[in-house]
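Chain nomenclature is as follows: A, B and C, assigned in order of appearance, with residue numbering initiated at 1 for each chain independently.
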Amino acid sequence: MDREFETVVGLEVHVELKTATKIFCSCSTAFGAEPNTQVCPVCSGFPGALPVLNRQAVEYAIRTGLALNCEIAEVCKFDRKNYFYPDLPNAYQISQYDQPICRNGYLDINVDGQHKRVGIIRAHLEEDAGKLVHQGSITTTPYSLVNLNRCGVPLLEIVSEPDMRSGAEARAYLEKLRSICLFAGVSDCKMEEGSLRCDANVSVRPKGSTKLGTRVEIKNLNSFRSLEKAIEYEARRQIEALEDGEELIQETRTWDEEKQVTRSMRSKEEAHDYRYFPDPDLPPLHIDGEWVERVKSSLPEMPDQAQQRLSNTYGLSDYDAAWLTSTPETLNFFDQAVQCFPDAKAVSNWMMGDFSRLLNQHNMEITDSKVTPQYLADMLRLIEKGTISGKMAKEVFEEIFFTGKSPEDIIKEKGMEQISDQETLQKIIDEVVASNPKVVEDYKNGKEKAFGFFVGQVMKATRGQANPALVNSILKERLMRE
Amino acid sequence: MELYELTCHELKEKLDRKEVSCQEITQSFLKRIDQVEEQLKAFVTVTADLALQQAEQYDAGDAVPGLGGIPYGLKDIICTRGVRTTASSKMLENYVPFYDAMVAARLAEHKGILLGKLNLDEFAMGSSTEQSAFYPTRNPWDLERVPGGSSGGSAAAVAAGEVAYSLGSDTGGSIRQPAAFCGVVGLKPTYGRVSRWGVMSYASSFDQVGVISRDVRDCALVLNAIAGHDPRDSTSVNQPVPDYTSFLTSDIKGLKIAYPREYFQQGVDSEIRQLIMNALKHFEQLGAIVEEVSLPHSEYALPAYYLIAPAEASANLARYDGVRYGLRDLQAENVVAMFSRSRAAGFGPEVKRRIMLGTYALSSGYYDAYYLKALKVRRLIADDFTRVFADYDLVVAPTTPTVAFKIGEQTDDLLTLYMNDILTVPINMAGLPGMSLPCGFVNGMPVGMQIVGKPFDEGTIFKAAYAFEQSTDYHKARPTLGVNK
Amino acid sequence: MAISVKQVEQVAYLARLELTEPEKQLFAEQLSSILDYANKLNELDTEQVEPLNHILPIYNVFREDIVQPSPPREDILSNAPLVEDGQYKVPRII
């Protein structure tokens, strides 16, 4: 079925820039304040109020554009996008229409070993609108409440070329875009807080065709997973419809997370006439080469570069290197840990394994936890020395995670030192073997499970602290003498 | 002579010499308001108590230089904290701002005495003040006639002696035209000279706050107080403010004055043309060089203005949607109905017309033909002036095509009403400074001469205006209002 | 170039202005005559002319990214027709 059709996906991503103040006024952008306490005449559209552009927002936009390999406009301006909605106090949004600040960029993704370059058409600055709170759903609520705190927060809208061909590619694009923005230091990119938003444009067409099919916009994608699922669903829906001879309509659909389907937004499908015109209150921007150079030289190592470095220096797999470069904090942690304990594979295994698991479980960022690169390195050294087994290390690690104590302190406190003394182990093993003659018989008769039994008994006797490698070798040798 | 008949600088002198107190001055003006306001209706809100309070404080404190202690009025489109500001519209009939416009704050810093908010054509859209949602203001020289607009209240109040000076706003002529109709001085500064912060926007790329006063010296004093950069207004220019009173010499020898032939054609009353020609001869006698020039695109300024200004206005007035302030139709069952009915009830016909016109000019399919086209023509008009100003210091022309017309005479004839702006609009299109000052009478009604200068060269305008004023008597004429009425 | 009543209705909707039937008729006439007058601009050839967006030769007007305290909520809500829970209350969207 799908062999005849290909899916074509373009993404429109809104990134909330992490300036301290809004784009056109000095109100704070801090998340979570009481409604309408971060609002002034400018961002709430009072008579006589006028916008003044936040330089930092422009700086962040240039940064992002450069990180996305875009051309930065030498001259650009702001335009008014006119429409009425209660969360839009001026009844126009200040945006950029035909002269966006960034153009013609790209980013690279890797899906199942396949590299792909996704084009970026443009990125432009605009202001966010406020928030509407309904009683229940938007269609049944008798009234709504308007909170303008978010009004005027700076956004960068990034529009990709329709270069993606699957939900997986779209997801990879969004994840990469997020990483790049995190490394560039322009946004927190938290989908759950709304600082990273994504709408998808999905169409299908017969394989080999170059004409674009009917495009459907999908909204309400609140996680990477929803993005991927929604695109897969929508593509299938469109293909099935076409195969049934139905005609597709260009529309906006919403992703229903509960039912895992896209639904048509039956609200009035009016074609918006936004009547864009240049905002007369804002003089244009002239961005000279010097400014761009300054920003360029201040950019840190970007994810792709870092990934390359990790692969080349440490021989890590693409997958591992990508994981370690997903956020600057993760990369920083890794780099520091490897400085202290130069086994990159060991470090990455622990980071991608237990560390990641614990962070996810407790909804924490890597910098929130009490584990330091030094502690991880120390712990790995203790394993290497044989002071603790790999299995015990898991316990130790959890302790570090929750208490912030060093691995040495924890081992000491809990008396968790691995028993690696030959004599001690020999004694215990002798005892265990002597007390279980029947199992010795089983072993001599070829029952493999018997060996495991003895190991288990030794571990029980030593409360799990016996060095497993030594136990194995001493036990084997002991049983051979039977 | 009554205190309310004096100019600011005369009042200032008396205050400085402690010949009068601020309270005495204020009471004189308030008495005058009592005397004539019922006929004139220049005010939307009179702030008598506040004024007396301020006057008392002034007298008790240290004397302040500048405009301290002088009573003034503000066009009711300028936000004043704690004082109702209505834009003469039902939409904002009960709106009380919690912030001051920059110009309002400046005059308060000067310890001026705010006597009240002055009537205008609703949202500054009009040329007669007949579009006020509340009532029309009358011309102190003839109560059957309009004072002009949209700053009609501001001009009438100064002419009648209800305030010593006032601030208005000028988008297409709204200070200069009423100043001409009322026989007072009206200055629209260069675009960007005075901050628009807190002044309700009509057409953002044309709006400027300006001064209406009895004479040129007063105008210079007030401009000194309100001009200057404001970081809250991105279109306010960071240029030093000279002391405008330093230009009040009477020496204009060698000054090159141009008069554009397109402003002296048939559409302008022949008697008015004659008065301006007399004024130009007068300038020659004072030593200026006067020559005719051409501003070939003049006739296109008005049609271009009536596309650009309404377009900007349609967006600027969209914020009046009943959500956060202003009139709201509380019965509306959904948000679209709420928007549409609140705005229908809150806006008068001229405002609706201009919003519709502007929306249309920007709409899909029409943008290029109307709005974009008008912006191109705007450049041609601005370039005309740039060319002339390469060789001349000033441009002089009539301010209005007629004297003040009768109330109700033009209200049905839209295009005629718009034609009142034909001589003033080009100056807004080019962002230039322009002043109207009295230069004679036709059938007992005042006539204004318009003096236009280079960008940020208000100084040369003051020089020429002062020279003319001090060698004539027109600035001394007063309407005989309040006598035998 | 005449504007029809239908066009007036479309524009009135874009501008969120509810008009009465007589108003629609009147505006259709009045707007038509103003636009006729505005068509005068077509006498000029402006092919090679750049539109004048901003009259002042200024650019790059900025503000630094420093937080200023916002006005107290009572001020922001002081003129509101309807308020609940510190927010503006409006009727349903649809």
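Convention: a residue touches a chain if its C-beta (ideal position, glycine included) is under 8 Å from a C-beta of that chain, and two chains touch if they have at least 3 such contacts.
Here the structure is a predicted model, which means the values were calculated and not measured.
S.K.: Looking at mean CA positions, which chain is nearest the middle of everything shown?
M.R.: Of all chains shown, the one whose C-alpha centre lies nearest the global C-alpha mean is C.
S.K.: From the centre of chain A, which chain's CA centre is farthest?
M.R.: In terms of C-alpha centroids, the chain at the greatest distance from chain A is B.
S.K.: With chain centres defined as C-alpha means, what is the inter-centre distance between chain B and chain C in Å?
M.R.: 23
S.K.: Roughly how far is chain A from chain B, going centre to centre by Cα mean, in whole Å?
M.R.: 57
S.K.: Between chain A and chain C, tell me the centre distance in angstrom, where each centre is the average of that chain's C-alpha atoms.
M.R.: 40
S.K.: Can you list every residue of chain A that touches 2 or more other chains, as numbers and ranges?
M.R.: Counting only residues that touch two or more other chains, chain A contributes 41, 44, 52-53, 84, 86, 144, 146, 273, 275, 280, 282-283.
S.K.: Pull out every residue in chain B that's touching 2 or more other chains.
M.R.: Each of 95, 99, 205, 231, 234-235, 314, 318, 321, 323-325, 335-336, 339, 359, 363 in chain B touches at least two other chains.
S.K.: I need the residues of chain C touching at least two other chains; which ones are they?
M.R.: If we look for residues of chain C contacting two or more partner chains, we find 14, 16, 53-54, 56, 58, 61, 63, 71, 76, 88, 90-94.
S.K.: Considering the complex alone, what residue numbers of chain A touch chain B?
M.R.: Touching chain B: residues 41, 44-53, 80, 82, 84, 86, 89-92, 144, 146, 273, 275-277, 280-283 of chain A.
S.K.: Using the touch rule from the top, collect the residues of chain B that touch chain A in their complex.
M.R.: 78-79, 85, 87, 92, 95, 97, 99, 101, 196-201, 203-205, 231-235, 311-312, 314-315, 318-319, 321, 323-325, 335-336, 339, 359, 362-364, 367, 371
S.K.: In the complex formed with chain C, which residues of chain B make contact?
M.R.: Spelled out, the residues of chain B in touch with chain C are 94-96, 98-99, 191-192, 205, 231, 234-235, 237, 297, 299-300, 303-304, 306-307, 314, 318, 321-326, 328, 330, 332-341, 343-344, 347, 349, 352-353, 355-357, 359-360, 363, 370, 372-380, 382, 414-415, 418, 430-431.
S.K.: Mind listing the chain A positions that touch chain C in their complex?
M.R.: 19-21, 26-28, 34-41, 44, 52-58, 77, 84, 86, 132-134, 138-139, 141-148, 267, 273, 275, 278, 280, 282-286
S.K.: Would you mind writing out the residues of chain C in touch with chain A in their complex?
M.R.: 14, 16, 53-54, 56, 58-68, 70-71, 73, 76-77, 84-94
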